[in-house]
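Shared between the two complexes below is subunit A, which pairs with subunit B and subunit C, respectively.
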Partner chain A sequence: MKKINFAWTNYLYLLPAVLLVAVFFVTSIVYTIRLSFYEYDGFSTMRFVGLENYLYLFRDANFKISLMNTVIWVVFSLLFTLALPLLLAILITNSSWVGGFKNIFYYPTALSSTIGGIIMVAILSKYGIPQLFGLLGFESLVRDWLAIPYVNTFIMILMGTWQGVGLNTILFITGLATIPDSPIEAAKIEGARTIQLYNKVILPLLKPTTVVVLLMSLVNSFKVFDSIWVMTKGGPYRTSETLALTMYQESFIHGKFGVGAAVAVVLTVIILIVSYFNIRNTFGDTDQTA
Partner chain B sequence: MKQASHGRIVVNAVLIILSILWIFPAVFAVFGTLKKKQEYNLSNFWDLPHGISLAENLKGIAGTFGIVKGMLNSLLYATVSAGAAVIIATLAAYAISHLKIKRPMVWFLFIYSGTIFPFQIFLIPVYKGLTATNLYDTQLGMILFYTAICVPFCMFVLRNYYLGISKEICESAKIDGCNSFQILGHIFVPMSTAPLAVVFLTQFNWVWNELMFGLTFTKSREIRPVMAAITLMDKANVPVILLACVAASIPTLLLFFLLNKHFEAGHAYQSK
Partner chain C sequence: MSGKKTLSLILAVFLMTGILAACGGGNTAGNAENSAKTGNTPAQTSGKVEFWLDKLGDAEKAARLSEAWKKDSGIDVVFTNYPDVAAYQTSIQQTIDDPGAPGLFTWWSGPQLETLAKNGKLADLSAEWDNYIADGVSADVKEAFTVDGKVYAAPYSLRYTSLLYNVKVFEAAGVAVPTTFDEFLDACEKIKASGVTPIGLKNDSWASFIWFQQLIAAYDPQLYSDLCDGTKPYTDDAVKKVMAIWREMFDKGYFGEPIVYSDLHKEFATGVVAMMLEDSPTVTDLQSDYGMEPGTDIDAFVLPSMNGGKGTIFFEASPIVVTEASASKEQALAALRSFYKPATQTVMVNDHGIANISTISVDNQTIRHILDMTGDSAHYQLMLRFYENTPEDLRNTALDELSRFMYSGADIDDVLNAIQAKADKVFG
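Up next, the complex of A and B:
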């Protein structure tokens, strides 16, 4: 009996998955890292340039803007997709129409960010919302808001909030539902007001969910591509790019594949650092529950 | 008691106001699809559509932009890739959690690593690789890549689930004369229909909504998935673009509203 257990055929079950991961991902990662040390336009032969691509990024004004935008995206989308869902989850749990409100805030998450972005383009173009401001006498606001450098980044973050809040709200609602009644009852008996109840009892008990949402949102905000691509393509003059966009621009628009690869490596290093905490958290949790 | 009901009224009022904000884009999109191009460009956006130009706009999306073809392509990619990924991931998750193999944790981490890296690091090499193997701009190439990218997450969820199934069930099945494949087919798969459905749905949804790879790995209308096709539409005719958006959202919205519970379960997996 034991002999069958150790059969080499057991590895056949792993084969397709391992093959796909090895072919598509492992070789890709190695290739991209290698490419980041080369100059390559997609046609002619690759030329080894050492750290030149990284030094180029270091000197490039566009890259600095892109890095700054990435930080802005991370900080603000984290703020909005953590604070707002927490507030919404608390409100919805105490409302008279839990299921309905849940769906209303969730539906944008079921849409693709491409479609969310395109609808926002229409709403924010001069045929949409800006018309309202014209009506109120602010003629200077009747323009395409997504074409205004730096303002457009914040508008896109708000759009990302519209789309991303639902998922985190549901996670928080699930988290709130798992909090046991007894500490809440005890606090109420001791005369805790609602705000104290949340500050001292409920929020601390909600910490595991908060950490999960925080780390997930953090990783996701570094990866945003689709919505920026459809709303501004990183423009005007590359002022609304983030690292994910810059990688695409340098490689597939400007034909500097080596530089694009270097951006991809920078982005990967950042995400791996964040993911380290994410994974440690994930497996820490599994150990506790097991 | 009175205090509490006042509180509830405030809570409901705040939520209703926010809900209107959240629904507005969908209402805007749906009304936009009913307008004519000229009407959209000349009238105010809050004006109701004059006549319903849906039929004319439908002709618009059926035509040159390949939105219908794109939806059929995406349906193919999402169904086949998510399906294949679930099957491949089931086999791997079963081996890692219940079969005797050396270093199961290393195999697990190897496959799981596919979920950690940002997609940008795969973009150039896979593009080059597909070109080199003549799979660039083919349906087979798209299916293979989407399958690969769905496998790690499916494996992760299913392995967690399978770890919870007791070894004793397998032992007794073995004594009854089942081989390991029969145990998988007769015990594990029937026991895990719910998580299998969840991972299939989340991956279907993901492939359907995916843009960046669809844009980079295709060039012809016959192969392009729907999201990439939408971004390449004529920007001047907003009602037709909006109609394409509404049409392309129907499958994922339907899945969401019909299988609400599964999606919530999916989030529970995602957060664990």
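Up next, the complex of A and C:
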């Protein structure tokens, strides 16, 4: 009989991580899913309500606004935190002060979102940047910009871009640095102009970095919370809430833990679906190249 | 030794032990309980109790309050302040059933207090209230903390809302303190004509009820009570009429754009804004941050009734509660019994602008003026503010809808219909 040489020690190395994930991650997921079927205010006895929390959500106008805001955050964040860092990375790598520009654009990333948010509250309040517009004759703009319903979401996205662009720029600069010289030189010899060079050679070779940046930006924009909470708390009248804020608001402010858990489940399902297609494409490409 | 002598010795030792034990326990909760029953005797005791709150971020002020409280009670009250309300509520939820829970913590009156009380999380303070009243706490406040006939809290801070006004702006505009609602509207018009925004608004998502409740009560205080308990619908013609008055005030430019709280204070202090409907502790903030002199630079009045009735002063009663499961419950009860002693309350008045007792001496002229008005029952009446006086679900919807009205000029019928739709569900 053939003896199977089972490497138990390999699994022992994995055990701490598996245990930690099981205790703190899997149990939380299971508990959250279970909680989404209950009515619970944190103090009273939990009451099973079936799908009522989910039905409540999909009937709630605030949830629809929150969902729409999340989509706006994702779309615009992807546009800004993908296109702008790529452009900056290309410009910086071709400049004569690479180190300096890298630092300047990276500094906002070093700040926590909360601190960045607090700074923005001061800068965008009536006595910050709006005063400058007043001096230029635009009196109607002299107001607290973060208090303007719906407009404040786009202002906060720009703020998120200011903080998020640095890391992605660094990743793109690193990605550009790892592209071998030979295909670029070959393309130049073949007569490729700058735009063709980037379109046909450099950007395709940069795709692995682009996918990483895309996935990171995607997940970050779905779960954006801290900066919005600091700047508007989702207001005025819940117009700048995203799903992450709605989850927090329902759970911890309104004391509806069941509804909050239902938002968490919906948010997780959306992220999983979107991530699945991206991950599948990434692995698909890897399989083709392998 | 004979059997009788041995028995006598044992009984004597037993007796002495009992006496010594009784003496030794004189400084503990047992004595504190007695003092509760015998009335307003100082509850000197010893020990330590944790006090959690979300309202006292200034460590120096917390230290001063703790020191005065210890002098009055003998209890070492250890303050833990949470800067974030949600984190605070979560911490309370997670610890409230544990013996290690804080003996004292602040909470919110109304439905939130009711939830804790009905779930048996709080100590019944009904028997303690005679002491608080004897120390000068108004018996009228008791109702705000009563659930099913039992009182579960005592006031940490009583805050009264009134119209704070910049005295110099009023003088420059030639405006006197209005005594009727028409005079108030005239004052707004004159102030606006002088180039000053009559009324400032703060950009806080929860604050949209402040002008709503004040205008409704100015129209008819009974209407306010009826809305809060579901007797009358939000779609009532009287409510629509008040909303139309409010809208007209917006249209005439009497309100400024909602701005950050700190900017609003700055605008008030610098005379960009003439009035703001705020609570009494705001006076001490303006005094310390901008050097505004109470009585000279800043004063207060109550929005006059629209029909010649009494003015309504809304109050917020932030409760202190005692955790039923806490191992330091007895120390908490004893400490709370001394919270309304003069030394402790003097710190509350001087540092926070909060007067919980009528017997305290208040140097701040504006706060004194506000307190005088609260005691003048011939001209003013006290009412619990909308935030704590309305079921939570309905309140949250009302706050959103009233914000929509204020920020975006939403249609009155749309706003009131949306609130009433929620009221129908809440009140059944």
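What to note about this one:
Here, the second predicted complex is superposed on the first by the 253 of 290 C-alpha atoms of A that agree within 3 Å, B and C clash if a C-alpha of one lies under 4 Å from a C-alpha of the other, contacts with A are read in each partner's own complex, and residues count from 1 in each chain.
One rule holds for everything that comes next: a contact is a pair of C-beta atoms (placed from the backbone, for glycine too) under 8 Å apart; a residue touches a chain by one contact, two chains touch by 3 or more.
Please read all numbers here as calculations on a predicted model, not as lab measurements.
In the superposition on chain A, A:D226 contacts subunit B only, with no contact to subunit C.
Residue contacts after overlaying the shared chain place A:R143 against subunit C, while subunit B stays out of touching range. Shared-chain residue A:D41: touches subunit C; no touch with subunit B.
Of the two partner chains placed by the overlay, subunit B and subunit C both lie in contact with A:Y127.
By the touch criterion defined above, A:I279 reaches subunit B but does not reach subunit C. Which of subunit B and subunit C touches more residues of subunit A: that partner is B.
Within the superposed three-chain model, A:F252 lies in touch with subunit B and with subunit C [touch as defined at top].
Of the two partner chains, neither subunit B nor subunit C is touched by A:L57. When the two complexes are overlaid on their common chain A, residue A:V265 makes contact with subunit B while staying clear of subunit C.
Residue overlap on subunit A between its contacts with subunit B in one complex and with subunit C in the other: 125, 127, 248, 252. By the touch criterion given at the top, residues 85-86, 89-90, 93, 96, 112, 115-116, 118-119, 121, 203, 205, 208, 257-260, 263, 266, 392-393, 396, 399-401, 403-404, 407-408 of subunit C touch subunit A in their complex. Interface of subunit B with subunit A (complex): residues 7-8, 11-12, 14-15, 18-19, 22-26, 28-29, 32, 40-41, 44-46, 88-89, 91-92, 94-96, 99-101, 107, 110-111, 113-114, 116-126, 128-129, 144-145, 147-149, 151-152, 155, 160, 163, 174, 179-180, 205, 208-212, 216, 227, 230-231, 238, 241-242, 245, 248-249, 252-253, 255-257, 260, 263-264, 267-268, 270-272. Taken in their complex, subunit A has these residues touching subunit B: 1, 4-6, 9-11, 13-14, 16-18, 20-21, 23-25, 27-29, 31-32, 35, 88, 91-92, 94-97, 101, 103-108, 110-116, 118-120, 122-123, 125, 127-129, 131-132, 162, 167, 170-171, 174, 194, 209, 212-213, 216, 222-223, 225-226, 229-230, 243-244, 247-248, 251-252, 257, 260-261, 263-265, 267-268, 271-272, 275, 279, 282, 285-286, 290. Of all the residues in subunit A, the ones that touch subunit C in their complex are 41-44, 62, 121, 125-127, 143-144, 146-147, 149, 233-238, 248, 252-255.
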